[in-house]
Every structure is written in structure tokens, then in C-alpha cells.
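The following block contains the structure, expressed as C-alpha cells.
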Amino acid sequence: MSNSYGTLFKITTFGESHGVAIGVIIDGCPAGLQIDELFVQSELSRRKPGQSKITTQRKEEDTFKILSGVFEGKSTGTPIAIVIENQDQRSKDYGHIENTFRPSHADFTYQEKYGIRDHRGGGRSSARETAARVAAGAIAKLLLKEYSIEINAFVSQVGELKAPHYSLLDLSKTEDNIVRCPDPAMAEKMIALIDQVRLERDTIGGIVTCVIKNTPVGLGEPVFDKLHAELGKAMLSINAVKGFEYGSGFEGVQLRGSQHNDEFYNDQGKIRTKTNHSGGVQGGISNGEDIYFNVAFKPVATIMQDQQTVDKEGNDATVSGKGRHDPCVVPRAVPIVEAMAALVLVDFLLRNQVSKI
Amino acid sequence: MSNSYGTLFKITTFGESHGVAIGVIIDGCPAGLQIDELFVQSELSRRKPGQSKITTQRKEEDTFKILSGVFEGKSTGTPIAIVIENQDQRSKDYGHIENTFRPSHADFTYQEKYGIRDHRGGGRSSARETAARVAAGAIAKLLLKEYSIEINAFVSQVGELKAPHYSLLDLSKTEDNIVRCPDPAMAEKMIALIDQVRLERDTIGGIVTCVIKNTPVGLGEPVFDKLHAELGKAMLSINAVKGFEYGSGFEGVQLRGSQHNDEFYNDQGKIRTKTNHSGGVQGGISNGEDIYFNVAFKPVATIMQDQQTVDKEGNDATVSGKGRHDPCVVPRAVPIVEAMAALVLVDFLLRNQVSKI
Amino acid sequence: MSNSYGTLFKITTFGESHGVAIGVIIDGCPAGLQIDELFVQSELSRRKPGQSKITTQRKEEDTFKILSGVFEGKSTGTPIAIVIENQDQRSKDYGHIENTFRPSHADFTYQEKYGIRDHRGGGRSSARETAARVAAGAIAKLLLKEYSIEINAFVSQVGELKAPHYSLLDLSKTEDNIVRCPDPAMAEKMIALIDQVRLERDTIGGIVTCVIKNTPVGLGEPVFDKLHAELGKAMLSINAVKGFEYGSGFEGVQLRGSQHNDEFYNDQGKIRTKTNHSGGVQGGISNGEDIYFNVAFKPVATIMQDQQTVDKEGNDATVSGKGRHDPCVVPRAVPIVEAMAALVLVDFLLRNQVSKI
Amino acid sequence: MSNSYGTLFKITTFGESHGVAIGVIIDGCPAGLQIDELFVQSELSRRKPGQSKITTQRKEEDTFKILSGVFEGKSTGTPIAIVIENQDQRSKDYGHIENTFRPSHADFTYQEKYGIRDHRGGGRSSARETAARVAAGAIAKLLLKEYSIEINAFVSQVGELKAPHYSLLDLSKTEDNIVRCPDPAMAEKMIALIDQVRLERDTIGGIVTCVIKNTPVGLGEPVFDKLHAELGKAMLSINAVKGFEYGSGFEGVQLRGSQHNDEFYNDQGKIRTKTNHSGGVQGGISNGEDIYFNVAFKPVATIMQDQQTVDKEGNDATVSGKGRHDPCVVPRAVPIVEAMAALVLVDFLLRNQVSKI
């Protein structure tokens, strides 16, 4: 198992979907940070289930409790433990999968790897685990604010519906609609599509784009912990993610070097690049331009339809869609992507303190 | 800095492009592994410069020396240190960039992060560093062979030229041509395109696809070190990589769940999936199907043309194309992708030894 | 901060003496281990305050709750989170040290390092943190039992009062008295001495000896993570510990090599040593003989007397003895030493699974 | 295996006693540090064999070569690889132990753990490995000098011969004699004793004391990586070490709290302690006072006498003293203890950069 992430700002998460509680320990948060609990709660609420008609109807308020590490409103340098109790489990909804493997879920692989699994609600493999990441990411965001670093993710694609390039959007509008696409017209179409898919008892995938502004030059640790490599790992560790690209990404492979290269210029004393195919990262280190990347999410595996499968003994079986699930995961994935980005950045921010004497 | 990769099978690399030598220490290779030095050399030769007309003409034989950890042909459990001396440096080719930042290279970011840089040949940011990875990856491959795990990468795209899906190809033909595409007709087109680009004093990007067969069920460590998340990080840590996707990848976002899900069936006593949109990984753990993924490489940043830039003081400057470089990086990237994949797999193979009592 | 210990069986602890709760996440416990909760509680009870007249009178039942990682009584391979709520805090007892530094406590160093501290009960620096270690150590012991490894610590010295060498003692008698010395006569003397010291409103130090039997040959990872080096670190990380020695220890420096060397012999097919000055460890690796070591604890810093000190501003101040404290820490340190030893051993047991192919 | 030490200033060593070379990679040395190669050599020379009549007569100049990470005399932030070639191996001296286990050496445990071992000169378990530590420690010392931190170790005991407390000695005289004891009269006695033991074809143990001055307040990371816990681990990882104590150490257990506590006072604006039983560390964090500790070394296991043992098959065997060895290890251990102390301190110095915002 590997339930820790980060080098200096290190989080360790725990908890199963239908267990007593989920939570996280943050070890390495510098002392003296004002911990704005309302902000942490607001981040959790952006991720919580039941927030709109296009998300799962499981009801979890996701209220959290800080058990340690904060004194008189400030971090003390000791580990910050955060616990979120589970409340609206309906474990009986999952009795049918105790011995049966749901297609494209982790039931089979967990069973084989560990020889035992908590099948209720998917156990540890449930996306419920990401609430702990969002709580920790909120603390990371508070620290990044001290450096004016801004992280904004949004839904840029649902199925075939694509929003324009981020530079053409007003990212402050992301939270104005339930699908979290800052293009209002496209948002309506996306919502309609998700709703239609839901009525068809099916699910659909999508893309979350994330833009990070005001990053100082120098974050990222060559050669293996390149900034974009850690961002990639962090995103790929989120449930249902199938791909990651930054800057010019996959499309960039078709360009010539003469088209792709970002020439430098002097912008009133600051060295900048004219274009930004590099996505704000060169040689694995931030160059001060916008960092932007795309994260591809597959369609949710739980569908409200019968599917063929096998049971633990290898007998043919049918699994029928039960439980409460999202028809499309990307709206709720937006704060998760931001949280993981924040955790990556804050860790590199701290690591960069010791790059030179 | 972060020059180590892996948890139990851990490598640490060192060396600059025009320094004395590059190399790697492998710590954690189990004792008793037969070290086939000819195989290690053959892997290095697949990556070495000057191997064909479509690669850089720098001449490095990349012969290696094992300094420790091997006794009478076998690993002893102690660290295996491998050194590759640099021979054909032409550092004077790089005098012009001592104070000038090449567009889309790491010159600027290294200078800012460290306040000092070895500019010769790009120093540590040079892709020459990947030779150390290939040497270590060769040792990893030797260990994987004991488990019959096979890793095959190939060039699946150059510019707009795309090879068919891997399942339609005979991967044993990859090494039959200099571009390393197992589709002979497409390989010819790719070679022609790269040659044309080279004559235009330009560069072009491409995609390397990697297929891993015979992986046992159970590799990968949820939640943060999911198998595909580590593969993603490992690939993104290779120079010039801009994107990673596995299984259905970015295209999968357009599918419905009912199309995307991989139903299980009993294949003569072995539980398998009918389709493989999952790319051999479910819940971050291998399920025994083929693991396959794509790695996007941008066009090489060094072009044989004049480009506008600035110098260290921020003055406008022109950088002209010098040095010896690849017009397209993907042919030589094939063994690098395989090496990193091998390092990821071998680490998870060892980590999985302790998953259950 | 560094609140994690272990490589494969990794624990992360949190919590302050007078905060909401303390606890631990165990990441890396193999799946399938029967979790005997009564045993965990019994270990916590051996450490809990208020257990006898010679310990602090703070009343904490130290009942624990498992939040995750256990399903139907067995570990699942996912992180095991354990929480122990604080109950009998009397934070007002500590108002006097909010701005004043207690001699030989961590008040001053925490304040300087972090710029802020939770002064109540010593906050994170309180030995209350060790309850989390004992809980985790109990899980480790359950795993060690599967391998028949036995860990027995006992009080071998209080002040100048020394028990005989462990080989002359019946270690099964350790729990028969409140000072945890298996020599009944010496135990009485120790109890009398501690009681006398308590009446003098003073404190006294002591030594805990630990003996580990049935360790398989091969545990320990040269060169830096030698078995005894990790044992040393683990012990020295316990509050109030000032020294560690194993095998012949400090006295061994006076021996000649010809006296000190442990000759091998064949004991009915098993290779053993005639003597055991090595303390069961050679070259950092267990050799199958008893592992034994001594851990020195200083006298508890909190005494019921007035002491001179300074406050945060550097003004002269007097700190008077308040709060509830142990006159001698070693009786309650016995289960803590065992817990840390168990954590070290279980980690090496898992790490050793991958030493050879 | 675990051949790395350190968190931010991380070293990885490699090499066997009679292999091609030994060496180290330092990853995490901040950029911009002037690398004084003469100083590195002088440190290696303090450790090298053959330096006096009371050390082994193996002749190794221990000249080193820096392969990477240094440009124009300064560290660049990239890994610094240092290699020391082996020259005066006499592997034939070791043929007799190919199948026989030397008492109190690591022959047996390595053989059992790995199933294979490089027996020549003890292979990886040879103290020759410490040369790599000394080289890395020299770089660490260069960085510590920037902060005026001074590390001075010396021989404080050989057999029963003890030097006075460090506060009574002039530590600048340590290098004035071949035994490295700053008390000239005691040094003569120690040399005579070692010489006598050597003539008796035997060996003897001793103690190295280390004193660190000018450490800033705040180094050390509670709770597991306490400053003294890491010092303890670092020292115990050195070959032949059997014990570690700091401050009042083992003798301190006999004191009362009222005697042991270090009262604070205001020394012209600086908060200091009147006494220093704490050994400069409180709560695992440096308090600015002298850090001092003792390291116990057992008598060298190789003696020039016949000893009873068994061979690989468990047959009785005799091993006779061959090879070239030290009659007492402590004089050459002095620079090793200093090197490890430097590595511990420099790591904590870097880690402390991120303790507070």
C-alpha cells in the first residue's frame, strides 16, 4: 500500500467508503499558517456528493474535525490530523457485489492482490477517498495563497462537447454552474448531455483542465521529480483518470520545433516567453508562465444496467446497477484536481527553499 | 534535486552531458540475479547516438563499467554501480549558450533555480542522462525475464503519421528499421518525413507506444502509487515528454460507460476481460491483461535555425542552431520508455511480495 | 516535522497531550492478519497513566477506536487508522508555562523552531504521544507472533539499583510487579526507591533492557539501516532516552578481540555462536541468537520543586512543579520499548522478503 | 539493502573492499557551494589505512575523482558523484574465508541473507565502505562551515584508558598524535597499549567522543527524527559500533531530576542553560549548547590468532588471522564519526529551512 503523497508537505490518507471515517494526516505543514476552517469546508462542499442533480444522490455533508496540529487558529508545525465521518452509508446496497466483480472496478484486482476486501461501496477504492485529498489540498491552498499562487480547474470537455481554450475563458465563472464549465453556453449543453446520459442509465467521460498562475520560477526537481511528472502522477492517482498532458500535449507532436519553441523576451525586466507551448514548465522546472494541463476521466464504471461478469469462483454472473453514483465524474473532479495540484506545488515550493546556498 | 527513482529497486543517476562520466547506482536489486553484460550493452546501443542517419551524429559508444555489486556474474544484493564515460564531447560547440537561453530548453530555469549551471551540452538537463536509465532498466529487464514479463515499445506516430493499433502489429519487427515502427510501410514514410524535416533544419515530435505482456495480477500500490500513476510519472520524467495516456486514454472520454466497461469472463480457469479499455490496470492494480500506454514527445527544441531569445542580463539575443542533435527523438526514445517501464514494474513486483501474509 | 517511522510497515502518528485526540495510521500492514483488539487494548493498558502508585495520576483509559483498514476482524492491506481520545486533560495546570520555559523540557526548542507551540501538557513533545506507538506496536507484535518472534523488555536499573543479567532472570515474571523488574527482590527495592524519590518531590532515571528471541537470520539492511542502528534510532526517539547499547555495549570496549569474538559452532545442524557479545547482530544483520540491548532514560524533567528559568522574553522566572507526572519513567517505558522494537523488527521482516530472487 | 542516508542532503554509497572502486553520490547539495578538493582529500587521508604504525598496513592513497555536479569549482545542485578506486587489494589473502565464517564478522549473516557474498576482504561489509562516507562528510562539512558549525571528534578511551571530560581538553590538539587523543600524556599511554595489543596479535576497543559547537537552535525533527536519534543511528551504522549516548548518557540514569535539569538563564540576550546534561538537545531539537556524544567501538574482530568456527556446510573449521588489520579502530574512526555527524547536521540544517512560514 502507499497512502502517502509528498516529500516535505506529506499527506497520508485512510478510510473506506463505508467504514467509520476517512481522513488525512498532513505532516510537514510549516508552523504559523492561519488555518481558515471555513475555507476547508467550502472546498469539501465543492466535492461532496448530492450537490446537484447531475451528481450522485448519496448525502454526505463531509463536515470535518481537526484533531491536532492547530493551536489558536494557526498551524504549529506538528501533524494536522483531519477526520471526516461517514454518515449515509447504505452498505446493503452492496451485498450483491460481495462475491461478484463489477466490470472496470477494482473489485477483482483488490481481491487478488490482498486476498480480502471490504466490498461495501468499493471500500478503499471508492472515490470517497478523495475527500481526504481535498481537505489536505485546502490547507495547501492556504499556504500557496501566501505566495499568490492561484489554481483554477474547470470542466473543458464532456463526451464530445469541448469548451474553448482556457485563454478565451473567464475562469472566475467556473463555479457559476453545476457542471463547472466557465463557458455558460457550453455548460448548458454539457448539463443537458449528462442529464440525458443519466436517463439512459449510462455514464460518460470528460476532461478537466487546470491552470496555475503566478508560480515563481524554479519549482520542480530534476531529474525524476520534474514538476510536470509529479503533476502527472498526482492526477493519474485520482480515480478514473486515463490520461494527462500539459502545454502542447499530444497535439504538440505534430508541430515542428520551429513552431513549438517558446522564444524568450524581456517584458519590462522580467524574462518571459512569447508563446507557451511549454505549459509553464521547461526541463521539469516552472518558468513563471501559466502552468496548464488536461486530465482525462473515463466514464464512471457503475452504470444502471445489467452487465455480464464472473464471481470469485469464476462462475458466470450478472451484476445489476445499484447504489448511488455520478453519471459523469468531472464536475466533482474539479476540486480534486485543484487539491492535488496544490499538494504538488506546495511540496515543490518547500523543496525549492534548499536549492541553493 | 531528486535523482532517485523507485522504492525497493531504487536507482540514483548522476552526470552531465559534457562532464567526466554519467552513471547510476542500483540499490535493492535482489541477490542471485545473473547479470548478462552483453544484454546491458545491447540496450545501451539501442539508445546510443549516431546509430543511424536520422539520429544525432554525436559518437558515443556508451560502453559501461560495473564498479560494484556483481560477483562471479551474479548480483550480490549490494549496490550495483555502473559508469559510462563521456567521450565525444565538443564543449566548444556550446560556448554560444554560456550566457544565452535557448528557447524551450532548460537553460533559463536551471539558471534561475540554482544560480549556476553547467551549460555545456545542456549539462544535467541533456537527454544524455537517459543512458543511465537504460543501463539500470536493462538490469530490471533481466529480473522481469525471470517472471516472463515482456516489455515492447515502438514508434506509433511521427508528426501526423500514425501506425495502426498495436494489436494489429507484429511487435517483434520493431528493431527491423531505424525508426523503430513495426509497420514496415509506415516506417518508410516516417523515415522519409524525419529526413525531410532534418533537411529543413527543423525537428518534429512523435509518440511512443509501449505494450507490457504477462504481468501478474496485483502489481501497483493504491492509492497514490497506482500502477498507471507511476508509469505516468516515469514517462513524464523523460526529456521532451508532454503527455501520457493508458488504455482508452483521452479518446475514452467520449465513450459511454456501457461501451467502455470491460466485462469479465472465465477463460479456461483464468479470469479475464473481454475488452481492454482499462489498459491492463483497474484501481491502480494490474489485472493480467496487456498494459499499454502512449507517450507524447514534443519536437526537439534544438533546431538548426536562428531564434530570438535573451541573455542572462535580459538583453535581446539570437541563438543559432549548433551542436549535434536528433531531428526527431522518438526512435531513440523507444529503449528509454522500455527502461522506465521496466523500472516501474520491477519495483512493484518487489513491493507486491509483502501485500499479504 | 517527521512523524513517520518505518519503510514498508510505516506508521504516522499525530496528536498533542491536551488536544482532541492522538492516534496513528499504519500503512503497509499485510492483508489477512487477524487483529486481536483485546491484545491491543492490553498493551495500551500497560502504558497508560494512573496504573499504579509509582506512575502519574493522570487518568486516561486509553481506549482506542479503529477507523479503517480492518474488515471482519482482519487487516485488508489498506491503512489502519487508530484514534485514542484525550479525556483527563487539565490544561489549566499548564497556564504557568505558557510563556515560561521548563528546564530540560522541549518548551524552549519548540518555541524557537516553530515560533508557536501548544504549551498545554507539553503539546506534541509530551510522552503521551507514545500511546500511539504502543497501539501500532501491538499490531506489529501480532504479525511477529506469526513468526514466533518474542519481544520482552523489563526494568533492569533504577538509579543505582541494578538487576542481574537477563540470562539469569525469568522474563515471564516482568508483569508480576508494578516496576516491571522480573527479579522480585530487586523489584521491591526499586519500588521503594521510586517512592522515596516521589516523596522528595524529585525524579530518577533508569534503564530498560529488551530481549528479542527467535529472530530469523537475515533481518537488517546494510549499510545504513543496520538492524541495531534502526533499533538505536527507534529507542532514542522515545522521550527521555539518553543512550543505547546492544550486546557487549559500552563495557565491551575494554575487552580484547580474543575475548569478545563469538565463535561459531554447529548445534545439531543449526549454526550458532558459543557466546553472544554480538547481541544477535553481526554486520547489521540478525544471526539468530538473542538480540538484547539497553536503553537509558534520564530522570523525568518535571519535578515538584521550584526551578530557575527564563520566560519567552528572556526575563528571569521561576517555574514551580505542577501537573501530574511520573517520578520515574521506566516502568511505563517497558511497553514503549517493546512497541518500538516490534516496529523495527516487523519492518525488517518485510524488507527481507526481497533480499534474494 | 539500504545504502542511502539523509533526507534532503542524501548520500548513496557503493563498493566492495576488493572490487573496482568505492564511491558515493551526494544528491541534494545546494548549488553554489565552493568545493575545496584539497579539504576533501585531507579528510580522506585522516581515515586512510597505513597512516601510522598503529593502523592496518594496507596501502590505499584514497585519491578521489569527482565525476559530476561540480562546475568551475562550485556545486551546481546536480548530484555529486565521487569515486575512489581500490588499489592495494590482496584478495588472495582472503581465499581461506571463501567458505569459512570468521567469528564476529558479517560473513555468516551476509551468506544467509543474500545466498551469495563477495568474500574478498569482507566485501561490502568491510570498513573500507566508510571512505565514501568521509568523502561525502567532507562536502557536508564545507556547507556547515558556512554556518560556522564545528565538529570535533577525538579518542576518549582505549580499553580502560580514559581521557578527561572534553571540557577539560584542547580539542585543537587532536591531530597532534597518531591515536587522536588531545590529552598528550594519555595519548602516549593509549599508543603504548595499542602497540602492546598488536604485538599480542590481539585487538582492543575504545570510545570516540564528538563535540559539535555553534549549532543554531532548532535542528532536529520531532518526533521520530529527533536530532540525537539520527545521530545515534548514524553512529551505530558505522562498523564495529556497539553503543551511543549523548549528554549525561548512561551515567545520567543515576541522577535525580533536580540534579539533571539544565536551568535556563539569560546570557547577554541569548537564552542558555547553566549546565548541559541535555547534551545540547532538548525534545530532539538543538538548543544551541554544545552537542556531545560518545560512540563505543568493539575490539576489531580480525585477530592474528587461530579461532574455532564452522564452514558453509556447518563443518568445524579453524580460521587463522590473515590480511592486514587495525589492532584498534578508534584512531581511524575519528574522521568517520565526524563525517557522519556532519551528514546528520547538514540534513537537519536544510530540513529546518521549512519549519515555519
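As written, the chains take the letters A, B, C and D, and residue 1 is the first residue of each chain.
Please note the rule applied: a residue touches a chain if its C-beta (ideal position, glycine included) is under 8 Å from a C-beta of that chain, and two chains touch if they have at least 3 such contacts.
This one's a predicted model, so the numbers in the text were calculated from it and none came from an experiment.
Undergrad: Which chain's centre, taken as the mean of its Cα atoms, is farthest from the centre of chain B?
TA: The most remote chain is C.
Undergrad: Please state whether B-D or C-D has more C-beta contact pairs across its interface.
TA: Taking the two pairs in turn, the one with more contacts turns out to be C-D.
Undergrad: As a quick test, compute the distance in whole Å between the mean CA positions of chain B and chain C.
TA: 46
Undergrad: Counting in whole Å, what is the centre-to-centre distance of chain B and chain D, each centre being its mean C-alpha position?
TA: Computed from C-alpha means, the inter-chain centre distance equals 39 Å.
Undergrad: Distance-wise, how many Å sit between the C-alpha centres of chain C and chain D, to the nearest whole number?
TA: 26
Undergrad: By the touch rule stated above, which residues of chain B touch at least two different other chains?
TA: 1-4, 13, 28, 31-32, 77-78, 110, 113-116, 124, 222, 355-356
Undergrad: Over in the complex, which chain C residues touch chain A? Could you list them?
TA: 1-4, 10, 12-16, 19-23, 25, 27-28, 31-32, 65-69, 71, 74, 76-81, 83, 110, 113-118, 123-124
Undergrad: Could you pull out which chain B residues touch chain C in their complex?
TA: The touching residues are 8, 28, 30-33, 77-78, 143, 146, 222, 350, 353-357.
Undergrad: Mind listing the chain C positions that touch chain D in their complex?
TA: By the definition above, chain C touches chain D via 1-5, 7, 13, 101, 103-106, 108-110, 112-116, 124-125, 129, 157, 159-160, 197, 200, 202-207, 217-218, 220-226, 228-230, 232-234, 236-237, 242-250, 252-266, 269, 271, 273, 277-279, 282-287, 294, 296-303, 305, 307-310, 314-316, 352, 355-356.
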